[in-house]
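Common to both upcoming complexes is chain A, partnered first by chain B, then by chain C.
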Partner chain A sequence: MRQFLQIALGILSAIGGFVDIGDLVFNTQAGATFGFQLLWVVVVGVVGIIVYSEMCGRVAAVAKRPVFDLVRERVGFGAGLGTLIASSVVNLMTCAAEVGGVAIALQLLSGLPYRFLILLGVLGVVLISWALPFEWIERLFGYVGLCLLVFAVAAVKVHPDWGQVAHGFVPGMHTGSHLVFLYFMVGLLGAALTPYEVYFYSSGAVEDGWGPKDLRINKITSVVGYGLGAFLSFALMILAAVLFLPRGISPQFLGTPALGAQDALGKIGLLLALVGILFAVGGAAIETSFSGAYNLAQFFGWQWGKRERPSGAPRFALSWIVIFLLALGIVMSGYDPVKLTEYSVIFSVVALPLTFLPILLVANDPAYMGRYRNGRLSNVLGVAYFALILAIAASAIPLLVLTNGGQG
Partner chain B sequence: MSGRERALDLDLGLGLLDHQIVDRDERNCGKVDDLELTGLSSAEPEVSAVLVGGNAWRGRGLLGRVAAALSGNARHLPWSEIDDVSSVVTLKHAAHELGLGRGDDRAARLVRHLPGS
Partner chain C sequence: LVGIALLAALGIAGCGGQSRLSNKALSQVAKTLQSLAYEGDILADDAAQGRSTSVFTAVHARFLWEAARSSSSMLKQAETVEAKRLAQLGVGVTDDLERLSRSGSDRGQQRRLQRALAQAGATISKLGKRL
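What follows is the complex of A and B.
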């Protein structure tokens, strides 16, 4: 019974935690630009994050090593430091985007000035991260983030043409600009395969002292949690396809998806959507800042841990505080959080190969994994996704430039 | 079991270099940043010391040279200080007795001033 409860709780927080500002921005823009045509790409992305999350959770449970330990051990100091720098820049950009998202959601809820709310938002997430035990943080943001399910209800209420929706799950290209379509493919894959989720998940598993007995929980949480989380991505895209595409609305604002929920469900829809967005991006802000601190600590061998008192892992604690302060500086200087999100997702794709390769190598290493090494399915999927990641990493920045950030 | 007493069949590149070092109290206190080998011309070369931090990164590629130039001296840990090598390298003594984890000690002095730390 206790294990069932643990699994249920893990799944619930994975659903709420799956969606962050990258998913909100890219799924809505993709739906508003290409209708249902990109739904299949979300499926490809979510299977990829399931495969690599399961793998890194298994490595954490069996070999007791978090991802950045593996990066350092497998690619060495030089390439590892390069990966650390790239992932730190991406983590910081993502954290700044999420912090901006918190401020926007607070502004839409309260009407208070944006800059004041940036300060308030950062103060809030720093205090929560400092003072609350981590289980509470995870549950608070994961469960309240479930308000995002309002998008699923709204997507049904707007009566999409389900035949066309089903057709969107069949892989294919489309009519119109292939480059913009490819840009959104890369963006949707990048939004689903965010590296910080992998860093955060594996570090948490090591810290929680996972062992081989937890492998079942790892598998169920990854598959069901992320799988159900993907439904929120589908809902966002379907809603945008039905409401925004016919009206020619190009969502350049984080509040736009919430307007979709309002259109379908009235004021209560808007309120639930904004609260859901606030907690989803707030939780992601905390995850990104902690991921940055995990990576630094694991690369240089410092004491780390979200369950430690700050004085027990002081460089780790100072690192996540500094990341929040830098994010605050970036957002206060006036960068648009939606633009920041687009750039952070596209750049994160470039950092993916050196994050995922060590996981794949170690998950296959009998010295680390013994009988828990990758089976045939994990390897076929792991290698296929690694090839896909290499392809999208190589094309991400050229596509960003050539399409002017998806504007065509 | 001591690393000296146990026969180790160890790939130095994959099984030792860049691995986490933990002290006797299982606290993280650095990485195996480089190794000092002696007796290379003899029949039985051996690892005489583990280098941690600072200019130990000098030999680790271009980025390593840059990082080393910005850092202080490395700590030389004699191999006799190594208690065990598994997925982590365990030391026989506490980090502070070996001059390791000083960055965490400095940061702790700062963090302790904050309420609830």
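What follows is the complex of A and C.
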């Protein structure tokens, strides 16, 4: 019974924690631009994050090694340092975008000045990160983030053509610009396969002291949690396809998805959407800052861990605080969080191969994993996704430039 | 590598816009203004029906207004007939969104602004197809 409860809680927090500002922005824009035609790409992305999260959770449970520890060991110091720099830049950009998202959600709820709310938001997430235990942070943001399920209700309420929706799950021809279509494919895959989620998941598993007995929880949480979380992505895309595409609306604001929930469900839909967005992006801000600190500490061999008191892991604690402060500086300087999100998602794609390759290699290495090494299915999916990751990593920046950020 | 690529992309994204607008750029401005007008139309409609909060209406309309003002400012040097007409419509959309952001709980005004924004969106859409 206790294990069942643990699994249920893990799944709930994974659903609420699945969507961040990248998913909100790219899924809404994709629906408003191509209707239901990109729904299948979300499925591809979610299967990818399930495959690699399960793998890195298994590696953490069996080999007791988090991702960045393996990056340095498997790709060497030089390439490892390159990966560290690339992932730190992407983590910082993502953290800044999430912090900006927190301030915008607070502004849409309160009407107070944006810059004041940036300061308040950063102060809030720093205090929460400092004071609350790991489980409480995960549950607080994961559970309240479940308010985002309002988008699923709204998507049903706007009465989409379900036949067309079903057709969207079949990869095929599309209407419109090929390059823009490819740009959104890369963006949606990048939003689903964000490296910080992998760093955070594996470091959290090591911190939680997972062992082989936890492999079942790892598998169920990855598959069901991320799988159900994908429904939020579908809902955002369906809602945008029905409400925004026919009018030629190109969503540029974080409030636009909330406007969709409002149009379908009125004030209650609006408020649930805004609270869900606030907690989803707030949780993601904390995850990105911790991911950055985990990476630095694991690469340089510092003492690390949220469970450690700050005096026990001072460089780790200082790292996540500095990441928040840098993010604060970026957002205060006036960068638009939505534009920052688009760039951070596209650039995170470039850093994906060096993050995912060591996971694949170690998960298949009997010296580390013994009888828990990858089975045939994990290897086939792992290699197929790695090939896909290489392809999208090579095309991400050219597509960003050629399509002018998806505007054609 | 990511940092260099980022700077390059941001640099490329920041270039342009100083000279006379090309047809493609004009068409892009039309799409943006149409999008903002229609988004304002939905927002004003919900506000007029009491389906929104006054804070959300004010703040989101302000975001739309700032974007419309920025797009409209690109049309100041408009030379062709279509560009001048688009500039005129852009000014109208900008003003309507500004009024919507200040409309508070005046449902009559929100209803009038909804009609005006819907009309502007439709006109810009037709104009955009001719560019």
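By definition in this document, the second predicted complex is superposed on the first by the 407 of 408 C-alpha atoms of A that agree within 3 Å, B and C clash if a C-alpha of one lies under 4 Å from a C-alpha of the other, contacts with A are read in each partner's own complex, and residues count from 1 in each chain.
Keep this in mind: contacts are C-beta pairs under 8 Å (C-beta built on N, C-alpha and C of every residue); 3 or more make two chains touch, one makes a residue touch a chain.
Every value quoted in this text rests on a predicted model; they were computed, and no experiment measured them.
After superposition on chain A, the partners chain B and chain C are accommodated together without colliding.
Within the superposed three-chain model, A:Ala63 lies in touch with chain B and out of touch with chain C [touch as defined at top]. Of the two partner chains placed by superposition, only chain B is touched by A:Ser311; chain C is not.
Applying the stated contact rule after C-alpha superposition, one finds that A:Gly405 touches chain C and leaves chain B untouched. In the superposed model, A:Val90 lies in contact with chain C only, and not with chain B. Of the two partner chains placed around the shared chain by superposition, chain C is the only one that A:Phe347 touches, whereas chain B remains out of contact. In the superposed model, A:Tyr368 lies in contact with chain B only, and not with chain C.
Within the superposed three-chain model, A:Ala293 lies out of touch with both chain B and chain C [touch as defined at top].
In the superposed pair of complexes, A:Gly82 makes contact with chain B and with chain C alike. Closest approach of chain B to chain C, taken over C-alpha atoms in the A-based superposition, is 12 Å. Residues 82, 85 of chain A lie at the contact with chain B in one complex and at the contact with chain C in the other. Chain A meets chain C in the complex at residues 82, 85-86, 89-90, 93, 107-111, 243-244, 247-253, 255-256, 258-259, 262-263, 266-267, 270-271, 274, 343, 347, 350-351, 397, 400-401, 404-405, 407-408.
Residues of chain A that touch chain B in their complex: 63-65, 69, 72-73, 76-82, 85, 130-131, 297-304, 309-311, 313-315, 317-318, 367-368. By the touch rule above, chain B contacts chain A in their complex via residues 14-15, 17-21, 27-31, 33, 52-53, 57, 60-64, 67, 87, 101, 103-104, 107-108, 110-112, 114, 116-117. Residue ranges on chain C touching chain A, taken from their complex, read 1-3, 5-6, 9-10, 12-13, 28, 31-32, 34-35, 38-39, 41-43, 45-46, 50-53, 55-56, 58-60, 63-64, 67, 121, 125.
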